[in-house]
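Each of the two complexes below includes chain A, the first together with chain B, the second together with chain C.
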Partner chain A sequence: MTAFIQHVVDALSVGSTYALLALGLTLVFSVMNLINFAYGMMLVWSGYIAMGVINAGVPFVLTVPIVIIFATALSVAIGWVAFRPFIGAPPITLLITSFGVLLVIQYIAIVIYGEGPRILQLPALFSKDAHIGAIRVPVLELITIGTGIVVVALFYALLQRTSFGAQLRAAAESPNVARLMGVKPDRVLMIAFAISGAIAGVVGLLWFAKVGALTPRSDLNPTIEAFIAVVLGGLGSIRGALLGGLALGALETLMDVALPNSALGYEQAIVFAVVIALLILRPSGLAGTTREAT
Partner chain B sequence: MLLAGENLVVGYGSTRVLKGFSLSLQEGEALAVLGANGAGKSTLMMTLAGLLRPWEGSIKLDGRDITRLPADERPGLGIALAPEGRGIFTTLSIEENLLIGATGVKKRLGAAEARRRTQQTLERVYGMFPVLGKRRSSRGSDLSGGQQQMLAIGRALLAQPRVLLMDEPCLGLAPKVGNEVYEVLRELRAEGQSIVIVEESSRRALDFVDRACVIKLGTKVLEDRASAMKEDDRLVEAYFGIDPGIDPEQTAL
Partner chain C sequence: MFLPVLRRDAAPGAPGFIGAVVGPLLVVAFVTGIAALVYQDATMTEIVLLFGINAIMVVGFQIFAGSTGLVSFGHIAFMAIGAYATAIVSMDPFDKSIVLKDLPKFLFNLHLSVIPSLLIGGGVAAVFALMTGVALMRLSGAAASIATLGLLVITTNVLSQASKFTHGPQSLFGVPQDANFGWVFGTLGVAVLVSGLFKWSRAGLQARANRDDLIAGESVGIASLRARLVPFVLSAFLTGVAGGLYAMLLTAFSPASFAIPLVVVVLTMAIVGGVNSITGAVVGAALVTVLNEAMRRVENGTHVLGVHLSAPTGISAAVLGVALILTLRWRPEGLMSAFELQFDRRKPAAGEPAADATTTAQPETFSKGDSHASQRV
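Up next, the complex of A and B:
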């Protein structure tokens, strides 16, 4: 029983990270149809900024808001400069633009930090375990789950309880009718980029806190996991992003437990096989929708 | 003159849909633009609302040129369109659908006045359409076609419109529901609301507007007072291209 609870906590921790990743990615997609391949690099940059701030001796409690503010500003800047001019452009244009943005911000990171790995030194608390009865849970996992709950709750409150949330959902569903109501698409898009960036800041910290080191090419894994979660849940659906992230976390944890050692190298292939099978059975993903910000 | 469109040429790709169409609307007046399917009525409405930019011609509100003003700026000036097909946001609740109509009001009236007027209009819309009040938390997708049309009108009213643009408000509705919609429009008109309505069916529209014009293949072919047009054979001729003096029996092959 203890082992089972331990696995559930693991699944929730991994799933929370994936759910947040997918949330940030799908938010911008739902408003602009943009599949943002540069999203993973936002996490990497958040990691580098965290590293720089911590190395400069800034207390960790201040590091978190600094990283979030930086990631938010970077995301808005990228949205404004690279994507805003292409509102309404065909998806392929947006896709190529996002590749361009990925390369630019990746090579800036290579120029500044080099190709080699850099260590992210976090407070000792992050590598400790918490004891809840007979269960031993890494503190970082608890922080990840807690952060996931808080971010999702804040996000839902913003989306469902504010006039901006209504404007965002309206713009995602029918941009032209939203414009007829006075909703400004570029303003909605910039706020979506800001929220997406803030989430990237949070996930960047969590992701690299777990991994411990980063390189300018560390974006690949989080990008792949985010896309799998988004596709699994249903492209463009916020509920789907959360579901897809949690399902992916559960699936990976289950494989860690159930697969023999010799098969662990095939984990990623098995995940893709499950996604393909699911898409054959439910082409619009777990949440069963393709285009609504719900 | 409250609203004036002059020599509007509008199209899609290389196809011209409006070919030099003009219209004018006085404060408190109701104008109907009548025409068959494909005549250019919805194109005209989308142009006035800013979703389409004219190739030639101009649009003025109170004498101010708004031809190049984007669609999202026009509700702030008091131009509200209830679009064809109603354009209800299915993922928003009924109340959210209504309140989003008030997005541009703050800029025009200031925050405090906008809040007061929005609340007042919201209550009024719930009074006009009690079903919307009862189901204010339901999603827009849960409503019938007629109820969605009520929601579209209510949402346009939340914009505190100086000009209310109605694009075929009864399209796809049962005749009884269509009559209810017109009942509300009559009420609004009696209160002095300026309205431009486009319609395929002329009878109901002519009963409640001051003036009407007929659009055919993007060109205005007739304009007159509604009362005169109701009694006039020229409407049939303009609308269908049939000379009312000719007996169809004799011309049939």
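Up next, the complex of A and C:
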């Protein structure tokens, strides 16, 4: 029983990281159909900034907001310079543009930080275990789950209760009507990039707190996990991104537990086989929203 | 009097068809000529061969991307499969006893020469494309891109686990070093010929008709799955052959050799040259190679017009990124757009005003490549 609960906590923790990742990615997708290959690099940059700020002796309480502000600014800057000129371009053009963006911001990271791994030194609290009865849970997992809940709550408040949110939803649902109603497409896009960046800042901290070290090429893993989660939930759907992230967390934990050792090496292949099957059989994703992948 | 012109569509009739197929071959002959000059420089041999292989790869990729309008990451997977299949059938059994001693008996004893090895490499990739394409080619747009990315991840994952056939994640070495100038550029010529024949064939026209307007295409009886599957399998065959040559050039490689960086190079070459043009594929491969080589020199520190230039390692990737963004921004259809070099008796039809503009742009492109090449020699 205790083992089972531990697995559930594991799955929830991994799942909430993925859910946040997918949330940031799908938000921009919903407004401009952009599959952003540069998204993982946002996490890496957040990790590097966190490293820099912590090494400069700033207390951790201040590190978090600094990283979030930085990631938001970076995301908006990238959106403004690289993606805004492509509003209305076909999805494939956008996808390839994001590849270009990835190469450039990755190179800047390589120049500044070098190819070698750097350690992210976090307060000792993060590496401790919490004991709840007979169950031993890493504190980081609890923080991750808690952060996930808070971010999602804030996100929904922003989306449902503010004018920014209303513009964003309008533009995602029907870009032309939104435009006719006076919603400026580039403004909406910048809002989407800002929120997506802030989320990337949070996830970057959580992700590299867990992994421990980062290199300029650590971006591929989070990018791919985010893609998978987004597809599982249905491209462009907010609720789908959350569900997809949790489902992916559950699937990976389940495979870790249930697969025989000989099959463990094939985990990635199995996950992607599920993704492809889902894309073909149920293109609207697990959440079953009506928005089709275009 | 047949004159070279740039046009989008082939002239009617058999002469038009032949003129359209021969045109890109002339481009290949031109590029091969320059490559042969550069090849004389001993330090450049590997780069020239790598260019040739990349060009085959891009021509193969172009068959699919140009005919269907989809972006596929799966072609790097076909390249990997071609490389491994070629390696397995061409390696000396003595070398296999070191890295692949658990191969099944009949594969272990195989020791084929270059042509059958490459054909098998391409064939295995084509069969794999046929099997996966039946499902994948039902998808469009973003979903197709993610699914083919999935195909790449699955392929490299399985290749690095199937140690019996691939030596696992470690590198597979001992492949005969057979990729010489003749094989590489001969194959490039054949690839362009096949590509041209397909482009102007019934199947090629059907695929492009469906790409431009799916509903109209289907309503005149073009089955959309088949229209995509044919170019998918054909391009997988060519990329498989390119993979085989790649194996014979590197002689040692691992599943990690077929990852995102290679995707980026092929994609950039195809986009910069123009995804809808065979001529563009060759031109794009040439331009990006020159760009890469120039950047490699900048990394090592070089003097241009008396100014010392140097940059930290990795600049070539960043330059590729900038090239991608600038191309998409200012010339989204790539340098050649959908134009092909063709031979025609007539002047271009009045309905093709852009032809003149590109006619002047094209020699400029080549002279750029030329001047870089002559600097090297």
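To be clear about the criterion, the second predicted complex is superposed on the first by the 288 of 294 C-alpha atoms of A that agree within 3 Å, B and C clash if a C-alpha of one lies under 4 Å from a C-alpha of the other, contacts with A are read in each partner's own complex, and residues count from 1 in each chain.
Just so we're on the same page, a residue touches a chain if its C-beta (ideal position, glycine included) is under 8 Å from a C-beta of that chain, and two chains touch if they have at least 3 such contacts.
Quick caveat: nothing in here was measured; it's all calculated off a predicted structure.
Look at chain A after the overlay: chain B and chain C fit there side by side. Once chain A of one complex is fitted onto chain A of the other, the partner contacts of A:153 are absent, as it touches neither chain B nor chain C. The larger set of touched chain A residues comes from C, when the choice is between chain B and chain C. Look at A:181: by the touch rule set out above, it reaches chain B but stays clear of chain C. Of the two partner chains, chain B is the only one touched by A:166; chain C is not. Of the two partner chains placed by superposition, only chain C is touched by A:273; chain B is not. Note on the composite model: angle chain B-chain A-chain C, taken at the C-alpha centres, equals 90°, rounded to the nearest 10.
When the two structures are aligned on the shared chain, A:97 is found in touch with chain C, with no touch to chain B.
In the composite built from the two structures, the nearest CA pair linking chain B and chain C is 13 Å apart. For the contact definition in use here, the residues of chain A common to its chain B contact set and its chain C contact set are 293-294. Considering their complex, residues 69-71, 135-136, 138-143, 145-147, 149-151, 153-154, 157-158, 160-161, 260, 264, 267, 271, 312-315, 317-318, 320-325, 328-329, 332 of chain C touch chain A. Residues 163, 166-167, 169-170, 172-174, 176-185, 292-294 of chain A are the ones touching chain B in the complex.
Residues 49-51, 70-76, 80-81, 83, 87, 89-92, 96, 99-101, 103-104, 155, 159 of chain B touch chain A in their complex.
The residues of chain A lying in touch with chain C in their complex are 29, 33, 35, 82, 85-86, 89, 91-93, 95-97, 99-104, 106-108, 110-111, 115, 220, 224, 227, 231, 235, 265-266, 268-269, 272-273, 275-276, 279-280, 283, 293-294.
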